[in-house]
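One structure, as structure tokens, below. Some questions next.
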Amino acid sequence: MNQVHEHTLHLDSNTRHEARRRLLSVRGHIEGILKMLEDDPYCIDVLRQIKAVEGALDKAGELVLQSHLKHHVTNAAQRGDADQLVEELMEVLKYR
Amino acid sequence: MNQVHEHTLHLDSNTRHEARRRLLSVRGHIEGILKMLEDDPYCIDVLRQIKAVEGALDKAGELVLQSHLKHHVTNAAQRGDADQLVEELMEVLKYR
Amino acid sequence: MNQVHEHTLHLDSNTRHEARRRLLSVRGHIEGILKMLEDDPYCIDVLRQIKAVEGALDKAGELVLQSHLKHHVTNAAQRGDADQLVEELMEVLKYR
Amino acid sequence: MNQVHEHTLHLDSNTRHEARRRLLSVRGHIEGILKMLEDDPYCIDVLRQIKAVEGALDKAGELVLQSHLKHHVTNAAQRGDADQLVEELMEVLKYR
């Protein structure tokens, strides 16, 4: 939670709720893996679950990214912060 | 949690505890993102956190993978289940 | 080479030359792997080379992406094709 | 082509030929992108092509990995080089 931006570009409310919904499901999934790990699981079963959670996180991230592109990036030239937005995006997109 | 294998190849105890420790930390991180999403976060800050969680999950997965390779895959020819183990591995490794 | 867009959004000239330079190097790298494969290489050496080539392609792609974001996406609202640009981007960014 | 292993674990002949065939196709694909870049391409078309090439490289790598697992890793305990093979694998699999 290191960098907090003070500008007024916030995640739109619909995406925020949908991302929240998905992350609640991710948390439940993590709980399931933690429960597996109290038992004696087969390694591959753990790897499958971790992969599934990463897929769910990817989807949540895609929602946020799409909303950001639509609401904040495509009008950055008008607002005058295009360079900063591009730089931030490249950092976040560098290997996902 | 669809496929449960009945064989006797279990995650070794040290790795299991370490994976558990890391997934507890991942769960805490997810809680943090959920809290962010109750407020009005900046999209890029959410994306950074999701990426960090995926990195932590990758690390947990690598521990489990390494243990599986060491304890179950390198001796599969002796045990006689090499084909099955290779197939499972390829499925889990296909795009991570 | 399936989809050719008829609009006027072209890759800027500097990035085009730099991407070309990098892809020429990638081609040379591929030639090297092809030569390895005429001999009797060790599997892991082949995998290392493939991974290195993918890293070089990632870098070339990042240059093109950055240029696209800067020159075409951040002013899409003014031009009026924001929805199309976001959709295309999401398709290309979906797991890279 | 930095590390050449002196051991006797070579890529099996079928996989070697199939990997070669695929890398020849990758080279042709790269040539196509180089030709695109002599013209005035649309950025997204370049990104799509780079992504397609990376997909083809992934497939070639998967063939080599599968062959390595089957022919060299699953019998490593018998041969006595399990630790080295696992270490090499983890390095190559770390973010693909």
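The letters A, B, C and D name the chains in turn, as written, and every chain counts its residues from 1.
Simple rule for what comes next: a residue touches a chain if its C-beta (ideal position, glycine included) is under 8 Å from a C-beta of that chain, and two chains touch if they have at least 3 such contacts.
Bear in mind the structure is a predicted one, so any value in this text is a computation, not a measurement.
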{"item": "Shortest walk length in steps over touching chains, subunit B through to subunit D", "value": "1"}
{"item": "Selected interface, A-C versus A-B, where C-beta contact pairs are more numerous", "value": "A-B"}
{"item": "Centre distance in Å when subunit A and subunit D are each reduced to the mean of their C-alpha atoms", "value": "29"}
{"item": "Mean-CA-position distance for subunit B and subunit A (Å)", "value": "18"}
{"item": "CA centroid of subunit A to CA centroid of subunit C, Å", "value": "23"}
{"item": "Set of subunit C residues in contact with two or more other chains", "value": "58, 65, 89, 95-96"}
{"item": "Each pair of chains that touches, named by its two labels", "value": "A-B, A-C, B-D, C-D"}
{"item": "Subunit C residues within the subunit A interface of the complex", "value": "58, 62, 65-66, 69-70, 73-78, 82-83, 85-86, 89-90, 93-96"}
{"item": "Contact set on subunit D toward subunit C in their complex", "value": "1, 3-5, 7, 9-11, 16, 19-20, 23-24, 26-27, 30-34, 36-38, 40-51, 53-54, 57-58, 60-61, 64-65, 67-68, 72, 88-89, 92, 96"}
